[in-house]
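Below are two complexes that have chain A in common, paired first with chain B and then with chain C.
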Partner chain A sequence: MNPAGNNIVPPAGRALPRASDALPWALVTPALGWTLLFFVLPFIAMGFSSLTAHEGGGFTLSNYSQFFTNPSYWQAMVNSLEVTAIVTVVSVLLAYPFAWILAEQVPERWQRLALMLAVLPFWTSYVVRSYSWLLVLAQNGVINRALTGSGLVSEPLQLANTRLATVTGFVHFFVMLLTLTIFANLKQLSPSYRKAAADLGAGPVRTFLHVILPLTLPGIMVGAFLTFVLCIGDYITPQILGGNNELLMPQLVMMQIGRRGDFPLASALSIILMAVVTVAYLACARWLKIERA
Partner chain B sequence: MSIKSASGNPLSVLKRHLHAACAATAFLLGAGSLAEAADLNALIWCDHSDPALLQPFEEANNVKVNVKEFEGTGAGLAIVEQSQPGDWDVMVIDSIDVPRGVEKGLFEPLPEDKLPFADLFPQVKMDGSTVVGGKRYGITEKFGYNTIGFNKTKVDPADMQSLASLTADKYKGKVAIYDYYLPVIGMAALAIGKKTADLTEADLPALKEELLKMKANAKLVGEVTASQTALATGEVDILVGGGEWVTAGLAKENPALDFSIPKEGAVLWSQSLAMFKDSKNKDMALKFIQYILSPEGQARLATSSCYWGMPANTKAALTDDQKKVLRFDEQPGFLARAQAYPAPNADLDKKMQDMWTEMLQAK
Partner chain C sequence: MRQIVRAASLVYALAVYGFIFLPVVVLVLFSLQATSFPIPPFTGPSLRWYEVVLSDTRLTSALVNSLLVASISSATAVTLGFLSAWGFARFVLPGSSLLRGLITLPLTVSYLIIGMGLLVLFNWAGVPKSLLAAGIGHVVINLPLCFAIIYSQMGDHQINIERAARDLGAPEWKVLLLITVPVMAPAIFAGFFLSMTFSWDEFVISFLLTRFDTTLPVEIWNLLRSGLNPKTNAVGSLVFAVSIVLVVLFELTLLRRRRT
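== the complex of A and B ==
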């Protein structure tokens, strides 16, 4: 009842603000502030930078047009997409059985240890891990010594400084990331799904293809998207393991900054890279929702 | 892009404000640590961060030298642009890029009478770059050559006296190229008989052809660490664009590594020290430059743990062994054949970088 004694309820949507309504906003304010300060503002700055000329300032679209007219810039994007796609697919194919074994075959009491071993690569510096791979794949490295020592090949193979080396370095890292996301997904599945499928006469293969795989697709897609984002934006691994025998987008961005300090062109290339990531996000959006439909 | 030239453009004004806001935030966040011990702030290459170089100066002058490393002139100038005036006291910069800093109004003329110019190798004073408008803004402190580094047990050292060997079938797959476009383009120019100082846009097709031939022979194109690792581990036997800075540092562990100055010549790299116009501690900045150019400072800088290189001062207090590794006594002959880094204008520089990008993408 209001002070005038009328028992009037405010119309829906016009309720008086209560202290508890402000609480959620108060809780998210630090995160919003952080995002504003360290993502939105720099992104706006980068956007404006990408529209200015390197020499003399002034508005220009030439930084973007360079990307679309210079074949070697285009090639960098094609290389990036190819490498990222290969890494993502290979990582998924390796991670799924690994996650399956962890979730289904390893006894519960050993799973924690197995998971810890799985995430060990995350504890090693990115640079150190890449250089380690370089030494493994080098002409005098472990693999070539084993191959030549066993007589399987007469001359060392070129493994380092190739796309194969870049992909190997990436896959080593991302298989673990994907294993974790798929493992979490598999553990959420109720055993009753399998029982129901078996009751309906489905064998293990049909159960996997028609029940388990569709239900774990969100986990796969989340991991694949993370792999895509981290892989397409990485500079270190292709720089160390690829031997610069082909250029990827992050390397092209860095080239603009090193000597020439061409931040406008570097900004434009970065925004194009972000646009590609956004397209990838939209393509996977169905599976990237937090709540499962 | 100069700040002055961008002043009237709304986009540039907004961009500058955003830069200023970011710089102010960064400065506020870092102010505490700077305020505690900042006596001299130096924007440097990694060879100056060696404690063996800095400690004697700090102890003798009761000063703390705060260093920040950067990799290329563009990145260094970007740091300065996003800092407050007076944040930095001294800077290490490619000698050929000193005019870029002067053009931006960053540097203070150096007092020639208080620095040992008479003791420097005459060829590395680089007056064409370090003197602008009749005033000297930079002093060369260290130099060397972008040339051929090689493993003398794996290749014929006689072959390494000619740049033509780099594109010969004999060494296919045994070559690494140092990933910096200007010096390697300079080497390509020498290989086709052009002078690095005279390069124009008309030379680009011939240079590109030579670069593509080099690439066809190369196993990798790598930055300093990657190319040095490739030579040290036997992945390759020849490094194009490497020189004493690669082989000297590894000489103790691998005495088979060597470098040559081929008959066509080599590209002279040279790094200078400059003082900031807005430095709040110009006396100490000058003392620092004097120390680095002193015989003791020069010896420590030349043999810095990050990379070795020839000291600009002929009187550097190097040991006989160090001089041998650096091939100190052979310098007059080397310098006679060396040519300066290409110093293209902004337009040609951009075209050269694009040509380099094409070379990297070539299969």
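== the complex of A and C ==
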């Protein structure tokens, strides 16, 4: 703490001689106002709504107690957590070696192109991408045609409208996302770590397990957390690919609005979903902090 | 050993590329299908499904709606994002980091919940479902992105240019319009094009907040009820093409920024 140091570079704001006090507020107020009016206020409205009865109004906790007493609502949360966990683990396991290959085996000048190619399908419409998987997985789709055509199976397999289809669609999306985050993390590692490990006599496997992997763990955790958040809150992929064989939480929320117009219950379920994400965030943040210390 | 690793890497990388590209290739390939089912064997090539899509007024008006909502909401998001980024980067405000946190907060909440909240609020306030309502939601999700991109690009060298302009007698609005906006143009365009891609592709908020006039992802969703259909493949391929154009524009503006 050097008091003189504060004076070397004056804070940006004080460098503006003619700025009246009203100007900075005039600049930031529209954005803040928009966020308060169309993000915070709706959230408060949703909180109130979740405490009212669907018919007749009046305050009640029944929307929340329904979640804990109705086994099919519970089951949706269990399904969501299971699918999200499978997707996160499979995506990390698939993306890590891929990101490593892009970062280590591909010549430097091709890396940008290789990465751009890897995330190109990222930019197809999300709805369309799930539908495309249907073309691949359907009863008479590409995979089943290939399997029956080559005589490997006699009857087409039931691939669409299953949990497998939902997981495949999700993994497809998150492999691209995780490849980006892990690749960035691997590129940030200084090559001197690897040299130092080699100088100390570690083989490539030991270097990877004891040096590279622990150093990229924070990046993996950030990517995995992002996967968790986006996966558990997504409606499109499970609705298109999973069919209605098992419901996930977002599907349950949308069902309350679409079929029954039950905003209070939908609000309560959304808030429970958000609470789960917040718990995951707190768990993750704490874990990350311990890792860094 | 090295050779084995290289060979295994190549096989693995090709397998992952195959997995990533499989659905997109199938989509585009069967959009060129001549017959009525987008399934093997491939009977194309034919552009007839593109003709069907482009003469379908529901789809073309949804496409126009999507472009309108995307461009207007992105312009709004980038304007609000730019003004606030300038305000936070150039002035000392009380509670500045807290307020910046508030602006970026919507990034951490799923689109479904943002849409739900707006639906409940608009329902109470008696605001009818419309493209405007959906557009408001798109600004909510894109404002934090625009703000973050532009705020991160507000460097110190720009302060000096602005100071020089002030010393030469320029009023604040002239500094903003004639100095800061041109200097920040690459970041502003990058934010704009990125929001365009997100708004153009956004489904859940539009689905919840529009009724009769709606956006293309919602129309595509409605098409899916008719099962596998080459028309859906064709419209999906068109959406892909537009997204790629937007991403390339985003990349180009970002690259321009890096060179300066």
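Methods note: the second predicted complex is superposed on the first by the 247 of 293 C-alpha atoms of A that agree within 3 Å, B and C clash if a C-alpha of one lies under 4 Å from a C-alpha of the other, contacts with A are read in each partner's own complex, and residues count from 1 in each chain.
Assume a contact is a pair of C-beta atoms (placed from the backbone, for glycine too) under 8 Å apart; a residue touches a chain by one contact, two chains touch by 3 or more.
Bear in mind the structure is a predicted one, so any value in this text is a computation, not a measurement.
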item: Chain B versus chain C as contact partner of A:Leu159, first or second or both or neither; value: neither
item: Touched partner set for A:Leu134, first chain B, second chain C, both or neither; value: both
item: Partner chain(s) touched by A:Ala118 [first = chain B, second = chain C, both, neither]; value: second
item: Touching partner for A:Ala224 - first (chain B), second (chain C), both, neither; value: neither
item: Chain B versus chain C as contact partner of A:Ser49, first or second or both or neither; value: both
item: Touched partner set for A:Leu32, first chain B, second chain C, both or neither; value: second
item: Contacts of A:Met274 with chain B and chain C, given as first, second, both or neither; value: second
item: Winner by number of chain A residues touched, once chain B and chain C are compared; value: C
item: Which superposed partner A:Asn244 touches (first chain B, second chain C, both, neither); value: first
item: Contacts of A:Val211 with chain B and chain C, given as first, second, both or neither; value: neither
item: On chain A, positions contacted by chain B and by chain C; value: 41-42, 45, 49, 131, 134-135, 138, 140, 240, 257, 263
item: For the chain C and chain A complex, residues of the former touching the latter; value: 5-6, 9-10, 12-13, 16-17, 19-24, 26-27, 30, 37-41, 80-81, 83-84, 86-93, 99, 102-103, 105-106, 108-114, 116-121, 123-124, 136-137, 139-140, 143, 147, 156, 159, 163, 166, 172, 197, 201, 203-204, 208, 216-217, 220-221, 224, 228, 232-233, 235-236, 239-240, 243-244, 246-247
item: Chain B residues touching chain A - in the complex, by the definition given at the top; value: 1, 5-6, 9, 11-12, 14-15, 18-19, 21-22, 25, 71-75, 77-78, 173, 179-182, 219-223, 226, 229-230, 233-235, 346, 349-350, 353-354, 356-358, 360-361, 363
item: Chain C contact footprint on chain A (complex, rising order); value: 11-19, 23-28, 30-32, 34-36, 38-43, 45-46, 49, 94, 97-98, 101-102, 105, 117-118, 120-121, 123-129, 131-136, 138, 140-142, 145-146, 172, 175-176, 229-230, 232-236, 240, 250, 253-254, 257, 263, 266-267, 270, 273-274, 277, 281
item: Complex interface listing, chain A residues touching chain B; value: 37, 41-42, 44-45, 48-49, 51-59, 70-73, 75-76, 79, 131, 134-135, 138-140, 158, 160-161, 239-240, 243-247, 252, 255-264
